[in-house]
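Some structures are shown below for you to check.
Note that subunit A is present in both complexes that follow, paired respectively with subunit B and with subunit C.
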Partner chain A sequence: MKYIIKTVLIIILLCGSGYSQVAIIANKSVTIDKIEKSQLMDYYSRDLKFWDNGEPIILFDLKIKNQVREAFYKFLGKSSSRMKSIWMKKMLLGEGDPPEPLESEEAMLKKIITTPGSIGFINPDMVTDEVKPLKIIEDEN
Partner chain B sequence: MNHTFNRIIFILIFLVNSICLAQSWSSPLKVFGFFQTSYYQTMHLGGTDDYNTFNTQQLNLFFQKDLTKKWTSFVNFEVLNNFSSSKQWGSLNLEEAWIKYYAGPQFTMRLGLQIPIFNNLNEIKNRTPLLPYIIRPLAYESSFGEFLALEELTPERAFVQTNGFIPISKSKIDYAFYVGNSPNVNDNSFYNQTGVDTTNTLLYGGRIGYRISDLKMGLSATYDKTNAFKYLEPIIEVAEGFLEKVQRTRVGGDLSYDFYSLRFEGEFIMVNYDDDVKELKFDRWFHYYTLGYFIDEEVFLYYSYWLSEEYYNYQNPSSTVLDINNAKVKVIVPTIGLSYHMTERITFKGQFAQVKIRDSQDYKIIGHQPTENTFSLAVSVFF
Partner chain C sequence: MKIKNLKLSRKLFLGFGFVLIMMFGVNIFSIRQMNRLKLEIDNFNNQWLPSALAISSLNLNTADLRRSQLQYAFTLDDETKQELVTSMISTIDNINDNLDTYAKLKQQKGEIQELLEEEKDLFKGFETDWETYQDLSFTIFRLSREDKQKEAYDLLDGQTKVIYSSINDKLQKLLSFYKNEVIEGAKNADLVFQATKKLITSLVVITILLSIIFVLWLIRWIRHPIRQLEKGAKKVAGGDLSVQLDITSEDEIGNLTNSFNLMTKSLREAMEKSKVQADRLKMQWEVLNETYLELELKSDSLEKQKSTIEKKNRELRKTMEKLKSTQSQLIESEKMASLGQLTAGIAHEINNPINYISAGINPLKRDMMDIESLYLKYKEASNNGLDQNKLSDAIKFSDDIESDFLFEEIKSLLEGIEEGALRTREIVIGLRNFSRMDEDAIKVANVNEGIDSTLMLLRNKIKNKITINKEYGQIPPIDCYPGKLNQVFMNILNNATDAIKDVGEISIRTWGNDNHIFISIKDNGIGMPENVRKRIFEPFFTTKDVGQGTGLGLSISFGIIEKHKGTITVKSKKNEGSEFIIQLPINLS
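The block that comes next holds the complex of A and B.
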């Protein structure tokens, strides 16, 4: 009985805290093995457009509003509307396109597997050997 | 006959191959743009000539093509104020036509007609989907051109520009340097080719900035020589050609900062003319401050305060009739507004602005301008 109560309490605590994780993943062709927040922000703000090997950085975003996307933007330190205004500014100044928004994390995984130079984010449980994991973000709301 | 046929086939194959090769380097042509349609209700305090109007304020059409991985071309056509060539309304302008070489974040070079980087707003002043304002801060609002010399406050065009940033730890040092025409562009086809600078001077300018996290600031400057005061030579009785090339210096500063849901941005611009004539003074300055709050991710509420001052001072040694003594025209605009991003591509805006114009010489400079209250609504659409 005590064991059941303990388990239920832990589940309630975890649900209540909105604990979520995000994996930053990249195509196998990408030359880096890990990534820092400032680097990720440089890529997603389009300040940096090429990897060190000269390959273009292809960015993906999630269309759906879920915990993974929320945790990703929280890690970047910008709201999604702020990021959208940064992308629109870059686009209207001829500085580059916004990330391609994808319908689901499954679609993002597939795209990253098949697109050289690409980077994106998914739930860590979905990471496979076909992509390169660069960072696990642990977000506790 | 056979020989000629072979030749034609060879040329065709060569041409098709060349086109295919060129296409393999380039991306498809992107066509996109935006427009803003607005409604204004203007009330003149103390006057009777109130008015209201709808206006397709602006439409911009962009063409962009990445020619190679590092070379991009960009063209921007701008259509203003219900443009109609048959009715002679508004105007159609080629705003930008440039090619850019991206060597890396530290070095980008743009060649061709472009809007130079100066303070925070100059480069994006005409990109209405990026701005919460309908009526933009004075120095950037073309409709204030009737009583403010806007082209004096900010550089409007450049032809060569390099810019980039240098990362230092978590911060970045931004830079931009550019060259363009001096303001002495010929408008009269009787004398010379129109649209070109007919003097042997150039505009030089740049911006040095600093960014860290949500803080961004910078200092901008330009230097050129203007012949705008040449008409005053007989009035202030100086030799002909004395005011042919008056040195003009603009200095600007900008600061923007995001703090949770709050955003602050501000700018100042000072324009100074160095003419070696102490009786002649046409200096001007401008500043604006905006404090805004994101009510949620889509709704932005702001208060903004704009101030512009222009000095007019010249004296005739023989007669005081023509003198303008230390006159100052001041334009003050407090404004409040709201923008709502209904979708990524559609933004609704509302704004109230009170425009007060003060002339220290009892309206000798610009005539009587009553204080006006303007309510405006607009929709800005990105396509």
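The block that comes next holds the complex of A and C.
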């Protein structure tokens, strides 16, 4: 019985706070160290374009359609094509271009290390000291 | 268990239960079929129709976007361009709305029905194409922003065109898929409806038929035996008691039929029995009548016989009285006989001590004479002064008669006489005690003493021949006629001594309890065979020679013990001896 309860709890935790297949990372200059899903959505839908310190938010996307990318969009709650529709509208409105699509996760890591105010996502195994991993927290509501 | 043997209520319950279950089954089936139909309609309303609408709208909107993009590429006028951008923004908004609506529908769908693989694949393909198309659009916008109109147009006309036609193709396919689903769904629903209609109709018909069959069957099982019973009852009412009905079931009616059969059977039996009894009574009446007539005849002769019997009765009474006096005479003579026997014994008994005395008398006389002579000699010697010659003469005489020895002899003779006198006295006392047999009053007496005095009288018969073993218990004196009890002891002891031919022993034991005392007199004499033992208390029964015994001794003893409310029993074995046990109550009243 105890085992069953434990297993169920672990599954719930994995499902709820899960998405361990993807790590949200930011440049060291970024001041926040944790992030909510809705917050991330605000950034990626380009509704928010600046960090609290006024630095512009620079977003990256992956060109290749691998598991990490899939996990990222699943976490966001919208498909990549649906996100692109949002970006298209913003682009037409002149509110900024879509995130730059990068060839690989390594390229993403490199870009984020070198670009201040940037944010992106990679495989959790690849996170280094040179970037700031953002802790994912559940939405309050 | 056969249904036939169930109780009536159970049969009815079963029947109605069966009909109810059938009805219920039909209802459940109908509701299920209706639910299936409703599901089809729900699918139609909530899935296929809105999905088809969303996809068709998506198709129109993507076409719009494509058209605007193409126009944008060819237009140089900034105002028109701005208008086109606004139009494109609203188109994208519409597309996004379409996509959100569709996504929501598909989320719902999971609950209603599994997402169909074909639909899923088609939409996935659309999404991929749509993403590519958007990526291309980004590039095109960027190119036109950088005033690279030529490249932008090339891209728009080349790769983008291909992707767009793919998008269009996929959306068309999805639409036709939904169209098919809708048509199929409608067809399916119609089929289900038709089938349900048929099934429900036939089920209702079957239920009704089965119910009718069941009810008919039930009526048959109930009505047939009841009719049978009715007929049987009518027959019985008409006087026919031989009616026996067949029992066709084990329900209440079966029980009723069984009871009916039992009833007619017992009625029949009762009738037969009463008929037999009536015949018997009639016969008895005739016999009685005859007997009465005979009795009437006889009563006359009875009258005569009565006076004869009365005469005989009187004679009998006379004889009885005579017998009674004879009996008392006999008892008296028995008493005399035993007294006679006793007298002989007592005479002999007294003779002994008297012999002591008389045998002692002559020597005593002689000795007295010697002493007298000696006395005279001494008197003579001392008469005129002491004469020495005469004195020495007297002394010599004294020596001659051995005067020392003489005194010794006198002493011993006197002792013998004294003993003889004492013995005589004892015998006389014993006789007196014994002779209390004539006393007729109840006295308190000790049985042990009674036995002793009886033994005293029998001493002559006993001595040298028989050893007496006395074992007297501590018994209280009892209420009794002592003389009569002594007579009993005398009888038993006398017989015991007679039973011992040469030598032997008699054991006398007495003991008692709270209410009774017991006396056991046992000898080891010749004993009695069983046929003798049985008769010893009968009057005039004797084993002794004629003239030796009256045959009344033990009979009288038995009477005496009865008078004392006691019992006397005897155990005996031939050649081993006899034992008489007398039980007497301590208090006679």
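Convention: the second predicted complex is superposed on the first by the 115 of 141 C-alpha atoms of A that agree within 3 Å, B and C clash if a C-alpha of one lies under 4 Å from a C-alpha of the other, contacts with A are read in each partner's own complex, and residues count from 1 in each chain.
Simple rule for what comes next: a contact is a pair of C-beta atoms (placed from the backbone, for glycine too) under 8 Å apart; a residue touches a chain by one contact, two chains touch by 3 or more.
A quick note: this is a predicted structure, and the numbers were derived from the prediction, not measured.
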item: Overlay on subunit A: subunit C relative to subunit B, clash or fit; value: clash
item: Superposition-derived comparison: subunit B or subunit C, residues of subunit A touched; value: B
item: Partner chain(s) touched by A:M88 [first = subunit B, second = subunit C, both, neither]; value: both
item: Which of subunit B and subunit C A:D47 touches, first, second, both or neither; value: first
item: Contacts of A:S80 with subunit B and subunit C, given as first, second, both or neither; value: both
item: Subunit B versus subunit C as contact partner of A:S38, first or second or both or neither; value: first
item: Superposition clash, subunit B versus subunit C, among 8-16, 152-160, 170-178 or 296-304; value: 296-304
item: Subunit B/subunit C common contact set on subunit A; value: 79-82, 84-85, 88-89, 91-93
item: Contacting residues of subunit B [partner subunit A, same complex]; value: 32, 34, 62, 64, 69, 72, 74, 98, 100, 102, 104-105, 123-124, 127, 129-130, 165, 170, 172, 213-214, 258, 294, 297-298, 341, 344, 382
item: Subunit A residues within the subunit C interface of the complex; value: 79-82, 84-89, 91-93, 97-98, 101
item: Complex contacts: residues of subunit A adjacent to subunit B; value: 38, 42, 47-50, 54, 56, 77, 79-82, 84-85, 88-89, 91-94
item: Interface residues, subunit C side, partner subunit A - complex; value: 85, 88-89, 92-93, 95-96, 99, 103, 127-128, 130-131, 134-135, 137-138, 141-142
